[in-house]
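Next up: the structures, one after another.
The two complexes that follow have subunit A in common; it is paired with subunit B in the first and with subunit C in the second.
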Partner chain A sequence: MTAASFAQALDQITRVPGVRGAMLVAGDDGLVVAEHLMEGIRGPAVAALAASLATRLRRAMQAAGTGAGHFWQLLCERGGLLVVPGASGILVVAITAPDVNAGLVRLELLRAAEAVG
Partner chain B sequence: MVDEVKALSAQLAQEPQSLVFLRLGELLRQRRQLDAAQRVALLGLERHPHLADAHDLYARILADRHDYERAFDEWDMTLRIAPEHTGAMKGLAFLYFKVGDLAQAESHLKAAKKVTPDDFTIEQALAMVRGGAEPAPPVPVAPPPAPDEAEAKPLAESRVFAGLEGAEEGLLLLDAAGLVLGGGLRSPTGDDVTEAVAAYLAGVSQEAARTAKLLGLGAWRGLSAEGRQGHVHLVPPTGDSLLLVLRDRSVPLGRLAIVAQRAAQAARHWLERQQ
Partner chain C sequence: MTVRAVESWTLQPLTDYVHEAGARLVLLMTPAGQVLAQFGFTRAVDVMAAAALGAAIMATTTELARQLGQPPFAALNHQGQRHGIFLSGLTTGRGALVVLAVYDLDVSSLGLVQLFFEQLVTDLRAGSPREGVPKQVLAADFERELNESLSTLFGR
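For the complex of A and B:
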């Protein structure tokens, strides 16, 4: 994939109203692969924490017998973080406002995860 | 009484939208015709899904059938629709008593007494709870429990989520270090996976809190995840505890969040009593 196609995948996510930013994160080391964030969001730190949470959740879910998670959502007072792991281990991440259409963001994340592989 | 059942049945057939199903269902329940009573109650609920008395009727039938988890859900629903429904309060008190949670039983009876202070049956039930004897179930007497049920769930761990669906195989309460405080988990194949899952979840609460803080999103309220064979939802009942709900894929994430909130409330009560 090219940088342009990464950017295009993220652009589709950030077009959803209420999405404050989107990132592609390497799931194994938590480094940012590509990002499209509103000003003030600390991408590298969020990426590292998202990857760490994803790893813990994946292990817990595998231990529980549910299989690895293919979508997860952190719900907070003033927004949330939505994550879809791609097949190659890249995490597609969206940072959202509280009133976002989470179902729509989920669909865009799944599309982006398919596109980035 | 047979004639009355026939008369009510005929009336219901003529006026399917009427509330006569409530009397018919209760009458059948009292006659121990529980299959027929359940059919009547469910048909009534289909037509009147937001009628508190319909949920209460169905809960009583379920309680008579010893299906206490679903009875709990129905009485819980009754109270959501009608917060001052004393039948549901008494029903929940009865269920809490069955699992040995005397404090919750007494709390629900006290709440019922506030609504209907002249109901002497509540005072009687309160006296029984305080004296350790089983209070009467909410409306006419249910059969005595079978011997094995008389020993209902004695383990302290299971009492954390007393009366909640999946209390011992789909609900887990942990402390900040990932140590199990209550509940339990079973995989879809029936294996006990409580300790393994708990170990992996140690630290999740702190990381979720850090992520939320970093993004300026305030406190974290929940973490839900979809898997191929099941879904999970995590909530922090208190600052230093973590609750996990596990269900198969047939349960949507939204419903899972509701189950988690209900379980978190039970966990908070339980944690308060431990202090």
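For the complex of A and C:
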């Protein structure tokens, strides 16, 4: 993967109406690998906290015996956070408006996760 | 385990940092290795060793940066199999300080440690006293002051 292909993967996600930004996050470190965000979104903060949450969710799922998570979505008053963990430990994250088409975003996140490995 | 501080204005910012970043060990010290506050250490000898080594690393990287004609490096992170070490300098009204944080990779991450470090810097700057005239340290006072500091840092 190159920086250009990371950017292309993120570009497809941010084309979905209502998506305010997309990021690739190193799941273990909580650091931003690539980002495509609207102004005002604190990328490093979202990356660190989303990765921390992903780690805890993974443990909860393991403890519950449900296996690995493929997708999770947090709905909030003024927006949402959608995350797909990639096979290599990279998290594909989308920050959205509350009324976004979550199914379409999920599809693009899964495509991006497959592309980044 | 609680944060122990020689200078009380460091207590709350460091307590918040420890809880939010999930750090296992934290030292707040001057670039010379004088410890202002600590969290997680149980033996004085460990604090002294960590402070001396952290200060030495800071001095080394600062000199490397100087030789490269660059401003001092902002932060240094070293990750092992289970733990990470984060070392960074900051400036406050009290003068230049150094934070050394050790974190479990199972509990925290570099992203979290860095993220909340920014908040720690803000809080320390807001709470720090203005730097006064440096006090002259006499050899006769040094050992007594060191012992007093260590007593405070370990609650003895």
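By definition in this document, the second predicted complex is superposed on the first by the 117 of 117 C-alpha atoms of A that agree within 3 Å, B and C clash if a C-alpha of one lies under 4 Å from a C-alpha of the other, contacts with A are read in each partner's own complex, and residues count from 1 in each chain.
Following the convention adopted for this analysis, a contact is a pair of C-beta atoms (placed from the backbone, for glycine too) under 8 Å apart; a residue touches a chain by one contact, two chains touch by 3 or more.
Computed from a prediction, not measured in an experiment: that's the story for all the values here.
Novice: Kindly say whether there is room for both subunit B and subunit C on subunit A in the superposition, answering fit or clash.
Specialist: Here subunit B and subunit C can both sit on subunit A without a clash.
Novice: Look at A:Glu77 in the shared chain and tell me whether it touches subunit B only, subunit C only, both, or neither; answer first, second, both or neither.
Specialist: In the superposed model, A:Glu77 contacts subunit B only, not subunit C.
Novice: Taking CA centres after the superposition, what's the angle at subunit A between the directions to subunit B and subunit C, given in steps of 10 degrees?
Specialist: An angle of 110 degrees, rounded.
Novice: Can A:Leu110 be said to touch subunit B (first), subunit C (second), both, or neither?
Specialist: neither
Novice: For A:Leu49, select first, second, both or neither according to whether it touches subunit B, subunit C, the two together, or no partner.
Specialist: In the superposition, A:Leu49 contacts both subunit B and subunit C.
Novice: Between subunit B and subunit C, pick out the one touching the greater number of residues of subunit A.
Specialist: B
Novice: Thinking of the overlay built on chain A, is A:Leu31 touched by subunit B (first), by subunit C (second), by both, or by neither?
Specialist: Only subunit C is touched by A:Leu31; subunit B is not.
Novice: Considering only C-alpha atoms, give the closest distance between subunit B and subunit C in the superposition, rounded to the nearest Å.
Specialist: Taking the overlay as described at the top, subunit B lies 10 Å from subunit C at its nearest C-alpha.
Novice: Please write out, lowest number first, the residues of subunit A touched by both subunit B and subunit C across the two complexes.
Specialist: 45, 49, 52
Novice: Can you check the complex and tell me which residues of subunit C touch subunit A?
Specialist: These residues of subunit C touch subunit A: 105, 108-112, 114-115.
Novice: Touching subunit B in the complex: which residues of subunit A?
Specialist: Contacts found on subunit A: 40-42, 45-46, 49-50, 52-53, 56-57, 59-61, 63-81, 95.
Novice: Inside the complex, what are the residues of subunit A that reach subunit C?
Specialist: Subunit A residues touching subunit C: 25-26, 28-31, 44-45, 47-49, 51-52, 55.
Novice: If you look only at subunit B, which of its residues touch subunit A in the complex?
Specialist: Against subunit A, the touching part of subunit B is residues 185, 187-189, 191, 193, 196-197, 199-201, 203-204, 207-208, 210-212, 214-232, 244, 246, 253, 257.
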